[in-house]
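Just so it is clear, A, B, C and D label the chains in written order, and each chain counts residues from 1 on its own.
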Amino acid sequence: MMTKGRIEAFTDGVLAIIITIMVLELKVPHGGAFEDLKPLIPVFGSYILSFIYIAIYWNNHHHMMHTVQHVTGTILWANMHLLFWLSLVPFTTGWMGENHFSSASVFLYGIVLLGAALAYFILQTTIIKSHGKTSILARALGKDLKGKASPILYITGIATAFVNIWISGALFIAVAIMWLIPDRRIERTLRDKN
Amino acid sequence: MMTKGRIEAFTDGVLAIIITIMVLELKVPHGGAFEDLKPLIPVFGSYILSFIYIAIYWNNHHHMMHTVQHVTGTILWANMHLLFWLSLVPFTTGWMGENHFSSASVFLYGIVLLGAALAYFILQTTIIKSHGKTSILARALGKDLKGKASPILYITGIATAFVNIWISGALFIAVAIMWLIPDRRIERTLRDKN
Amino acid sequence: MMTKGRIEAFTDGVLAIIITIMVLELKVPHGGAFEDLKPLIPVFGSYILSFIYIAIYWNNHHHMMHTVQHVTGTILWANMHLLFWLSLVPFTTGWMGENHFSSASVFLYGIVLLGAALAYFILQTTIIKSHGKTSILARALGKDLKGKASPILYITGIATAFVNIWISGALFIAVAIMWLIPDRRIERTLRDKN
Amino acid sequence: MMTKGRIEAFTDGVLAIIITIMVLELKVPHGGAFEDLKPLIPVFGSYILSFIYIAIYWNNHHHMMHTVQHVTGTILWANMHLLFWLSLVPFTTGWMGENHFSSASVFLYGIVLLGAALAYFILQTTIIKSHGKTSILARALGKDLKGKASPILYITGIATAFVNIWISGALFIAVAIMWLIPDRRIERTLRDKN
């Protein structure tokens, strides 16, 4: 009943704004020398990581939506739920960067990543439910190892935030790299079908 | 004459920005410990409520537009009027959150919600007028109980803001929940037609 | 060669952001009482005026684009030029509001309105040139009284800013009202053609 | 597999936000006289230059995408890489403007321009690789003199930033003008094909 186009357009809009608004946390320093940029280095580092995360979400969302044939009210709200978690990324990115990766800020960053991952999983499950177990998405995901590994890695990263933030950081980066490696499951399944 | 697509795209853009810009009211605190987040809790609470409200408006707008066949100048301006009220939501959300739900801020929050509800009602009426009483939207709305109950609940919430803000808060949350419950009137009417 | 859709989408995006970003000039006050909102009243007044102006530009742009059949490089840059002037509206709106309509701020507000009006006129002329004098747009505009009256009223408003800002304000509001009155030239011409 | 439309829409969204968000660096001054605007003049100058740069990128991106027939994962990530560099433009623009074109800020501005130019080149190469050497884009670019001259001019501008910022500024403006001169390569090649 609902058109896929408008849910995609709205999601694109929100993600485009999130990814661009994050850069506002890079507050222009008052001094004009290179050393004035020093305090911004951790903010910049967290910005790069979050930029990649939002880009991955956009990419995966794009592919997943490709398989959707009809948008129900439940899919729409599951999508809003995902956007809610992602909308918190600029805040946690800024907090983590400005406080030089304090344990609490790394912990919260992980919580938001975990929340987004679970929201994505719920959205995925909702789509599969309404399209059937033999749908393109269901077959493409298969065992969905990446989808299952991510929350485990996030939870580990959250747990280690008060022990050693470098372990947490390494885990959060590892998940990003894992998703950056091309994943052709959906593309392949779509091609096989034709 | 006018294309439906561009009014939808503009509305989507504005709503996507409103929903994302609200998060900027969550100002990154200078300290890096959990207790530094404490003052943000009411801001975060009001953010969640407003996020849900904007999402509901987007959802309902989406469905309503589905039934529109031609966009007149009056529809366009009624839509702009709605966007004007919604554009004030980030401000009232921030004011309410930062002042720990002071009576005045809860009052104003209710006024903006009421303004948006009336603007939505005007837009709806404008569309029905230009499409006829037997149009899809007119038939789908029926008695439009929700649409009529909302302003009454808002007005009650506004009136109680100086008596007890918890009553106001409960009423504003109640309206949100009422709209979250799936409303399949338009979908059903469209389906019956085919 | 170039597709009309993407220039429309980009313009919609920029206008949607301009109209929404302006609201950020309404800085959330620290106090939670009504009197804390008092200093914001002039900012709010200038916000309403600018909101209507951007809405008018979006509306007129929308109609004008309707008549465009091919987008040349010159049209594209004339459009960017218009967006440049409109992008300055949030700044002049904020400056005017925060300084309680000081002469200088009203003067500058008028300059930006004039710049946008001239940029719109250039865009219009560019489109007519590339589509021919018998094109829909050329015939629809006719003598283009509104388009010619606006700059004159703006210039008068700019000139009176250092004499009496109320005259300037009245003139800027008058132009907005003039454009709000439905203008069916393009719609009628398009209809006549069919 | 992937649709061209959504990558265009996302890019349009990000560029529209970047171009509009830059204006927020023009902080509304507290005084209401003309002299209060004086400190903003360099910020305004850098804003104009960056506005033109983003507009050029949007324009060129638009034309390049016109020749794309299928979007691979590599193209998508090359595009994200370009958006990353462009997302840094508001920050470097603000820093350069607020510090009256200090050597370090001009240097960094050049670095970001160079980064964006290289990212654009990578995106272009990626598209040509996946579409073949006889593709429209490959033939349209020919020797791609502009594309090759730009990085050289940027590097010269970066190198002279600590000698004389006026040379750097002149070079960065020169590149912008070079791209503003209509470039009909792609349009011509597309036309020849039909």
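We adopt the following convention: a residue touches a chain if its C-beta (ideal position, glycine included) is under 8 Å from a C-beta of that chain, and two chains touch if they have at least 3 such contacts.
Being a predicted model, the structure only gives us computed values, none of them experimental.
**Q** Rounded to a multiple of 5, how large is the rotation, in degrees, that superposes the C-alpha trace of subunit A on subunit D?
**A** To map subunit A onto subunit D, rotate by about 90 degrees.
**Q** Answer with same or different: of all residue numbers used at the interface between subunit B and subunit C, are over half used by both copies?
**A** Mostly different residues.
**Q** So what's the Cα centroid distance for subunit A and subunit B, whole Å?
**A** 27
**Q** In whole angstrom, how far does the Cα centroid of subunit A sit from the Cα centroid of subunit C?
**A** Subunit A and subunit C have C-alpha centres separated by 38 Å.
**Q** If I count partner chains per residue in subunit C, which residues reach a count of at least 2?
**A** Each of 9, 13, 16-17, 21, 24 in subunit C touches at least two other chains.
**Q** Taking the complex as given, what residues does subunit C use to touch subunit D?
**A** 1-3, 6, 9-10, 13-14, 16-18, 21, 24-25, 73-74, 76-77, 80, 83-84, 87-88, 90-91, 94-95, 98-100, 102, 104-105, 108
**Q** Help me check something: in the complex, which residues belonging to subunit D touch subunit C?
**A** 8-9, 12-13, 15-17, 19-21, 23-24, 26, 28-34, 36-37, 48, 51, 55, 58-59, 62-63, 66, 180, 182, 184, 187, 190-191
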